[in-house]
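Residue numbering begins at 1 within each chain, and the chains themselves are lettered A, B, C and D in the order written.
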């Protein structure tokens, strides 16, 4: 075939499907709810299994024991992790592969200073902080997301050179979450009956779902394109759009679910809370917009 | 996934760029918007140049006189012509992008031979007679009647939103030939000569103050049966088939134009000092991200249609929903850049802002598009 | 049009303020959210104080043991108690604001004598058994069955979203007594004693992590026929009548609280430096305008119901649409003020943000409210 | 009746009804379209008739030949003028009553420097500019609103002390326009049939109309309250909310009208263009938001 072929290749589709199957088997809904109830975000055994499957070493050269793939493959894999609501500092550990011993193999858990301010995620579960000489001391803080434990540290470091790639992979997680809440909303709208018909037959519900799809599809192309070009402005756009697709998608899903969405038992709130966390990581909306504005003016002269 | 162009495509782009650089300075001055004959002549001249350079009907099949280009080549063509500031397709729009492809796909050999070459050469212009005052979003409820009388259909009714009706030679017309059939089943596609007796064209003034469209009134207009494309009562299918020619490229030029406008807006804001307002600056930054993503979505849709061999995905509705919204946001941002200056029509952006108001309405309102997306893509049930 | 209070009202406000200033410091410490018996005792104690000071059932009619206050006095009461940081109505909510008024309007003399005084004194608490898992927005499709057996109804089914079920003495229950009738016609209103055999209460955890609500499962629960308010199968009307007691005051305390929260947010933003970001500052300014307008809309609705003698306008749906949206915006703004700090639950606003997510759903989703407004206020037709 | 009685009194309702009748008779749809086609915004005869009816002198004391009413009555009257799309510098002339000779009687037409920047509305039709010693020279500029002619002047003055009251009365005009486009949208939605039923039966159309009503009703209370209190922050809120109700109301009306709304013949665009003009007059959204922010912080300490 000639020409720009933006669509995933067969191999890429297979990779994505493989990760989806792996996660469905190893971290399905029951495992998710069990970790929520136990309050344990990082399951070391699962982490090592992910490492064994090449999750963290995806981009390392084959010569170094890696899989030898690139950012485009990485975003497809992280999209699936976002869909499954897989917890833990996935992005930081991925970026640490080849840098922090054990990260590539999943024997080490690495977090990052990816939040502005004194909060650090997964600190108590981590063996290292990306780019930091040692693990800082921190006071535990109750987190809005039951699977993202937080600590407050005295002198947080910076995400530094990892910021772009961290933002891109986090955008991929958001994309997966947005696609998942869309699936949940559509399935609920087809099943739930009120006033004698499935609620998905009402335009108000249809149009909420259509809006979710539009945001998710625009975010998807932004994420995939940014992975292909690695351009900083495209990554900022991908983060901005994927954050919105995930946050607003979860809220719209909650609206479609109605009262059921307000319960702890529904997964909707877990998507929303994680989406809130990710929106604050690596690059916030305000930072992305300012970066894009600077690029816009610069691009023009 | 790949966003790099093949060597062949890069060469195609380079040749096109070179040709545009040579050709555009030689163009005559653009006629004023109200000078319809002048606009026709200008658009015809440009089409002739394209024809002579081998760019006419780029995306048409070879056996219809086209160049059989890939969707990506078509995308490159639209991108480069827009970037270079080349003339729009203008009065050739319906012929090149709708009626022509319909005839190419569904017409007889004689019909193709009669109608297609003049379109490619810029000799004949077409307009479209689909919408009616009472059939807007519900296009298939159209009521313009055609009754068979010997070798003619006798057509009466009225059409609306017909661009270039004043200067077109032909009108691709949808008429109802079987009033008793379900609404999608009794429609027929006809090529109506615009000089036939009984046709009255009345310019339709839009809220932008211009007469970009017309109403067309038909009073017992005789259209030869041989001008029918496809079978009688099969016109709805005939028309829908044509959409498969679109291949995701419909908005390429517009997205390129929007991105250029945004860059100009940023520069204007920098010059008038409003760039220092973070509210505006961040709005422009966000639009830069959104329009960039819409450009990528265009490439995505084009490569999808390339894979599927030209069958359109439902990506068109998704794209149109996002794009029409972003375009309106763009001109709202322009108004913010201009401040009270947004009230003066001497600023080109103000007229463009008015035009952008039609984007959530024309060619399927956003409400209709959301229904399409919800039912056809997401599989949600139709209401009672 | 007038926004000034009468001398009598100003005096009422002054006396209330004085009483609150004296009374509030004497209150025991608030129990933790999970301590249901403690919360009941606390709420009962506060109601008892109100009763003794003559503020219990302020808006109830005199012949029901209330004070027969005007809607404006009730508005002042709610405004001042919220401003002073007095306890919320808490476990007395259903008794004082829904079941009690229903019994006052539709109950027999004996029923009023039995049930109303303990509500006013804070001796008995009520909960509400209306919603069901399969009857949310479509409340009238409820399926909990009640079958007459001698002097009892035997009730089976389940209810959801029942606050304070763990500690309530009574439940105002809607049950289906005629399954063959159209859905609004076969419903009956019962007062169910919560200690009756066959009742199981299961706490329902919300996304905020708390068990503010419960599910109530009913397995052949016997409710005496004398506990029926209104006629059999007339429960829908009985329930709707009660809404006329609301008189526009439903959200007074909440709007006051939102405005106080906004002022605190502004101060916090000033302290942490984010006030210097015009995007955030203008967002807070806009919310100040919106919440101010919603306070005025509350006064508008109250004076409308005062004019119409208590019959509710459709202003309630308009208000709820605007308010639930503004409240969610308020907590989104709080998240902007906090930045990444919005992820930590040690900040009270973060929990409030979670709670605010229910505002566009509970007591009629925004979608349902828009239907009501469109059909009942604007007269748009129902769909096919 | 006891208590806060925010509702208009019988006299106020009569006043509003009287103005509505006057304008329906004197400036109905045909008159509106005729002035659009003629491109004449200020009809001097109509202006004098308005003056004779007490429109401009509404707030002047009766001893000075005025009507002796207040801002609450003025906003009801201006609401009706906005509903009828009555053109001309109504607000400036009203504010000039008792200041500029002839303004109260409607024999003088007074405009104002109520736009930020060099543009002035109705300059060629005006006898005076509020607060300015003389009429400035100006170059005509094509205006987006066919009934608000614009000139560009070299050194524009300032609206100065009239800004609050100007903003309030302009908000009342916006409110009237918002209520009118709602009426137009509802009438169209009940009449126009597509897919075998009135389009108003579709939830998508219903919910657009419901949103218009909510914005208009919130704006209405803000405008009336600000007229009663005269508070600067309440006036800013009224302007902000009424601007949005008018602009977004006209856009939603256009969406309900579909293609018909895009024609010159429909009145929708006239409401939208005038709403755009008024949104730039006296106090813009950015100014109103900043003023409200300052009030919020000040109110708290």
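Observations on the model:
Methods note: a residue touches a chain if its C-beta (ideal position, glycine included) is under 8 Å from a C-beta of that chain, and two chains touch if they have at least 3 such contacts.
Protein names from UniProt, one per chain: A, D = Acyl-CoA dehydrogenase; B, C = Acyl-CoA dehydrogenase FadE.
In this text, all values refer to a predicted model and were calculated from it rather than measured experimentally.
Of the two chain pairs considered here, B-D and A-B, the higher C-beta contact count falls to A-B.
The centroid of the Cα atoms in chain A and the matching centroid in chain C are 38 Å apart.
For chain B, the set of residues touching two or more other chains reads 277-279, 282, 367, 370, 383-384. Residue positions 202-205, 207, 286 of chain D each touch two or more of the other chains. Chain-to-chain contact here is organised exhaustively, every possible pair of chains being in touch. Contacts from chain C toward chain D in the complex involve residues 1-6, 8-9, 70-73, 75, 262-264, 266-267, 270, 275, 278, 281-286, 288-290, 292-294, 296-297, 299-300, 302-304, 306-307, 315, 318, 321-322, 367, 369-371, 373-375, 377-384.
By the touch rule above, chain D contacts chain A in their complex via residues 202-204, 207. Chain C makes touch with chain A in their complex at residues 131, 134, 136-138, 141, 160-161, 204-207, 209, 277, 279, 335, 339-346, 350, 354, 357-358, 360-362, 365-367, 370. On chain A, the positions that touch chain B within their shared complex are 1-9, 12, 72, 182, 186, 189-190, 196-198, 200-203, 205-207, 209-211, 213-214, 217-219, 221-222, 224-225, 227-229, 233-234, 236-238, 240-241, 286, 288-297, 299-301. The part of chain C that touches chain B in the complex is made up of residues 277-279, 282, 383-384.
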